[in-house]
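There are two complexes below, and they share subunit A, which is joined by subunit B in the first and by subunit C in the second.
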Partner chain A sequence: MLFVELIVKGLVYGCMYAMMAVGLTLVYGLLRILHIAHAGVFALGAYMTVTVANATGSLALGFLVATAVSAVAGTAIYRLAYQPILHHAAFVPMVVSIGLFIVMQEGFRLIFGAYGIAFDTNPWYVANVSLAGISLTYVEIAMVIMSVVLLVGFGLFAGLTRAGIGWRATVTDPQMATSFGVDPVRVRYVNFLFGSALAGIAGGLVGLLNNYVEPTMGGAVSYKALAIIVLGGLGSVRGTLIASLVLGVVEAFGAIYLADIFDRDAIGFLFLIVVLMVRPQGLLGRG
Partner chain B sequence: MSAYIASLISVIGINLILALSLNIITGFCGQVSLGHAAFYGLGAYTAAYLAKLGAPLPLTLLAGMAMAGAIGIVVGLTSLRVRHDFLAVTTMGIGFVFLGFVRKQKWLGGELGISGIPGSGLDAVTYALLIAGFAMAVLGFSLWIKQSWMGFTFDAVADDEDAARTVGVNVSTYKLTAFGIGTALAGLAGGLYVYFARIILPDTFDFVQSIAILTMVVIGGTGSVWGVFAATIALTLLPEVSRAAADYRLLIFGAMLMLVMRFSPGGLAGLVKRKPA
Partner chain C sequence: MKKGLIAATLAAAVLLAGSASAQIKIGFHAPQSGPAAADGKSSTIGAEIARDWINEKGGVLGQKIELVIYDDQNKPDQSVPIANKLIGQDKVVAAISGSYSGPTRAAAAVFQQARIPYISAYGVHPDITKEGNWAFRGVQLGQPQGKGAAKFIADKFGKVKVAMLTMNNDFGQSIAEGFKEEAQKLGLTLVKEYTFGLGERQFGPIVASVKNDNPDVIYAIGYYFVGGPLVAQVRAGGLKQPIVAAQAFDSMKLIEIAKDAAEGIYIVGGMDRGRKDPADFQPYLAEFKKRAGYDAEAVSANCYSAVMLMADAIKRAGSTDPAKIRDALAATKDFAMLTGPLGYFNSVGELYSPLEVTQVKGGQFVGVTVIDDQAILAPPK
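Showing the complex of A and B:
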């Protein structure tokens, strides 16, 4: 029973990682930037959700504001921080991104305080259902449903609509896509809008899941999301999704069976390093 | 010399060794490392463990260097296999694996670290001068490497790996050499820190520390020895000079990282160089 429970809990975390990592992988696929400040957007989403929900009493409104603010913030990051330095070596935007992330994290600490905020009312945090002996809280179920709906929606958009096809074309070959009339700059904006909105929603959900929002909450998740996109083979959306779920499960098992040797955060990276030793291009990446 | 000045000199010396050693890996050889603090920690934990067993100072320092350098070469092996961007994430991962391991080891003190480390046998001032001496040696060594045959080869590897390989440079050997030297020196800094602080905590060697070291390198000018030298001293003194800078240390580090890279990717050294041209 423990075996099944660990797999289920792992998959729940995997869904959360997927929502974070898809945004990162899209940015990497398009611009070859390791967008570490994505973690700042994630924490911003959590703060927006908790402050708006506590102020108005409406969780839905909280998520709506969080989605919008995160999307705008992510796009602003692209426009102000990345766009002017795209012609430099990949190292330069990455360091800018690290700096930005630290500034955001410290900014949250100054504005919202170091001790974190809890939701005034969070009924889903305790309410739970029991499925075949495994109890899941409503938040965990919402996390799974939300990520599946959003990611399937994204898949349909990318696969079926004109804009989505233009997007994929730009990722594959920006020059060719441009000569077929796709505006690469617009694609980048859409990319950051969508990826950041996802991160913001994920942030809000994680806030609900822990019933706690704190300045450094983006850290561990985003470092793991970076590990995930490398695992998936940088830039591959399918690889990222698989890697997210795999990492969630590996962590769930590792946290139990390796508890005496490593802490939870180390397990993901240990797994990453082991995989890279065998497959340096990642799980699904091409050599 | 007052005790305060002595401790200031010790901290500056240790930071100089850390920044200059990362500069050899990232600046000279172009291999991005986001986990330098792990090697600092490896040196510190090795030295502290041996010191508690009663080993003398030269032995613990050497053992710390050897341990950090050996693991550093193993990590360097991944740099031969993975692409550039992968390396940044992998080295970041090394930092988390190191911390995650140390935190769970009872024989290394777990979360509480190692305390009650015996003194160096030197008084604070002499020990500060010893650290300063080591820092100056690392500075001289960096300057020597930069103008040596090895320095030019590092440059070639950093600039264009494939081109370097084409003209007959054994890229793998040089990358491993850079990792070996850089991480061993970080281990030395760790050993020196042990006798200075007399207590080590896992959190001293976390991701933030790695980023702090990277900040010194990047703001000074990646690859520029004197730039990194100046930036390290300035950034270490900053919190001492201004109380506000101490409270908002991380915020200032982050903002500087962002702004310097955004407007002058060559760091301060890049600004200085641009003027005469």
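Showing the complex of A and C:
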């Protein structure tokens, strides 16, 4: 029973990682930038959700504002920080991204205070349903549903719509896509809008899950999401999704059986090292 | 108009006279930026309240106390130059750490060498006082805290099965060691020990496993920001066992985060907010809330008491000679700290102080009992 419950909990956390990591992998696939500041957008989403929800009493409004603000912030990061330096070597935008992330973390601390913020009302936090001895809180259920809906929606967009096909074409061969009339700059904007909105929603949900939004909450997620996209074979959305779920489950077991040696946040990297030794191209990457 | 002018001149004269009179300089370092900034901010406010209240009552030895405050970013590589600066440039006669164990441990060595008395207000690493006889600790070491928790559980619940959830840093490990040692003597059964990192907020797997162990009591060691999500997730997982927690759960933020799930949990080494003594306790809580905008927790009270203790030692020494202050500190007997009476310091600068046990009731920390047992809480040498 414990075995099943650990798998279930692992998958729930995996869904959260997926919402974070997809945005990262999209950016990498398109621009070859390791977008560390994505974790800052994640924390921004959490802060927007909690401040708006506490001020207005409406969680839905909190999420709406968080989604919009995160999407705009992520796009602004692209326009103002990355676009002017795209012609430099790949490590230049990465250094900028790390710097930006630190600035954002300290910014949250200065604006919202060094102590984190809890939701005034968080009805889903402890409320739970119990199925066959496994209890899941409403927040955990919402996390799963939200990630499935959004990611399936994205899959349909990429597979069926004209804009989606244009986006995929740009990722595969930007030059060819451009000559077929796809606007690569627009694709980039759509990319950052969507990825950042997802990260913002994930941030809000994690804030609800912990009932605590803190300046450093992006920290652990930032490098874990990096591990995930490397595991998934940099740039592969499907690989990233699988890697997210696998990492969630591995961590859940690790938290119980490996915690004397590693804490949960280190397990992802242990797993990453092991996988890269066996499959240097990542789980689904092409060799 | 003329009156106003005279008043202004007088005020200026008083101000000038004030700044001209000699000051007793005490160094203070705490993290004011970075991840530990929250505790550092509280620490600093606590210390400043002590300074202001001492000065309002005329200071010490007829002189005002001046706190020379630096941000150590919770980094040892910052606290060492800060210590050197405090000694060489600011010429402090004593110093206080309002920081965690890492920076405090590093700075203690510098103060030891310069022979400046130093109090670690709440840093719990054993090595801080091992640097020599110039460092003192204003809080119990982890081990007696853990032993006290075992005693409380055995007294309250009998020879029960306990699952222990520990944070994997110095703080958590030292409390866990003391707990395990005493639990065995008292006939408690430790069914399983779980560890987690400081950054952990998702306890689903641990909760699932604890459910499987089915203990009688859950003993949790961690900071409030880990503790809040932890107790909420324990309750959300359907576990109804009593939770006993370590000192660092003591923060109103814990209740804010965990909400109803925090109800009923016990904190060994907590601070009973309804207590009437010492006399400055309730005024302190009110003043802290006024200055900080949020409720005081133990770390701020520790820093307040450390400054008060240092001032008291200077007064008893009758001198600002660091060696005499050190001797007076070492001779401290029955000093009223906000967190409980300080009985004495042992030969290595560790204090004896009873442990208060509190319980969360109606969203407040309420006193339950006090463990005052020399055999268990005596500071290790």
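Methods note: the second predicted complex is superposed on the first by the 287 of 287 C-alpha atoms of A that agree within 3 Å, B and C clash if a C-alpha of one lies under 4 Å from a C-alpha of the other, contacts with A are read in each partner's own complex, and residues count from 1 in each chain.
We take it that contacts are C-beta pairs under 8 Å (C-beta built on N, C-alpha and C of every residue); 3 or more make two chains touch, one makes a residue touch a chain.
All figures in this text were calculated on a predicted structure; none of them were measured in a lab.
By the document's definition of touching, of the two partners only subunit B reaches A:88; subunit C does not. In the overlay built on the shared chain, the residue A:17 is in contact with neither subunit B nor subunit C.
When the shared chain is aligned, subunit B and subunit C each come close enough to touch A:260.
Applying the stated contact rule after C-alpha superposition, one finds that A:212 touches subunit C and leaves subunit B untouched.
Applying the stated contact rule after C-alpha superposition, one finds that A:252 touches subunit C and leaves subunit B untouched. Using the contact criterion defined above for the overlaid structures, shared-chain residue A:135 touches subunit C, although it does not reach subunit B.
Of the two partner chains, neither subunit B nor subunit C is touched by A:78. In the superposed model, A:5 lies in contact with subunit C only, and not with subunit B. Of the two partner chains placed around the shared chain by superposition, subunit B is the only one that A:102 touches, whereas subunit C remains out of contact. Shared contact residues of subunit A, touching subunit B in one structure and subunit C in the other: 106, 219, 259-260, 263-266. Of all residues in subunit C, only 33, 35, 37-38, 40-41, 168, 194-197, 199-202, 204-206, 208-209, 211-212, 225, 228-229, 232-233, 235-238, 253, 256-261, 294 touch subunit A in the complex they form. By the touch criterion given at the top, residues 1-2, 5-6, 9-10, 12-13, 106, 109, 113-116, 118, 122, 125-128, 130, 134-135, 137, 140, 206, 209-212, 214-217, 219-220, 251-253, 255-256, 259-260, 263-266 of subunit A touch subunit C in their complex. Those residues of subunit B whose C-beta lies close enough to touch subunit A in the complex are 32, 34, 78, 81-86, 88-90, 92-94, 96-97, 99-101, 103-104, 207, 211, 214, 218, 222, 248, 250-251, 253-259, 261-262, 265. The touching residues of subunit A, when paired with subunit B in their complex, are 28, 32, 34, 81, 84-85, 88-96, 98-103, 105-107, 110, 219, 223, 226-227, 230, 234, 259-270, 272-273, 276-277, 280, 282.
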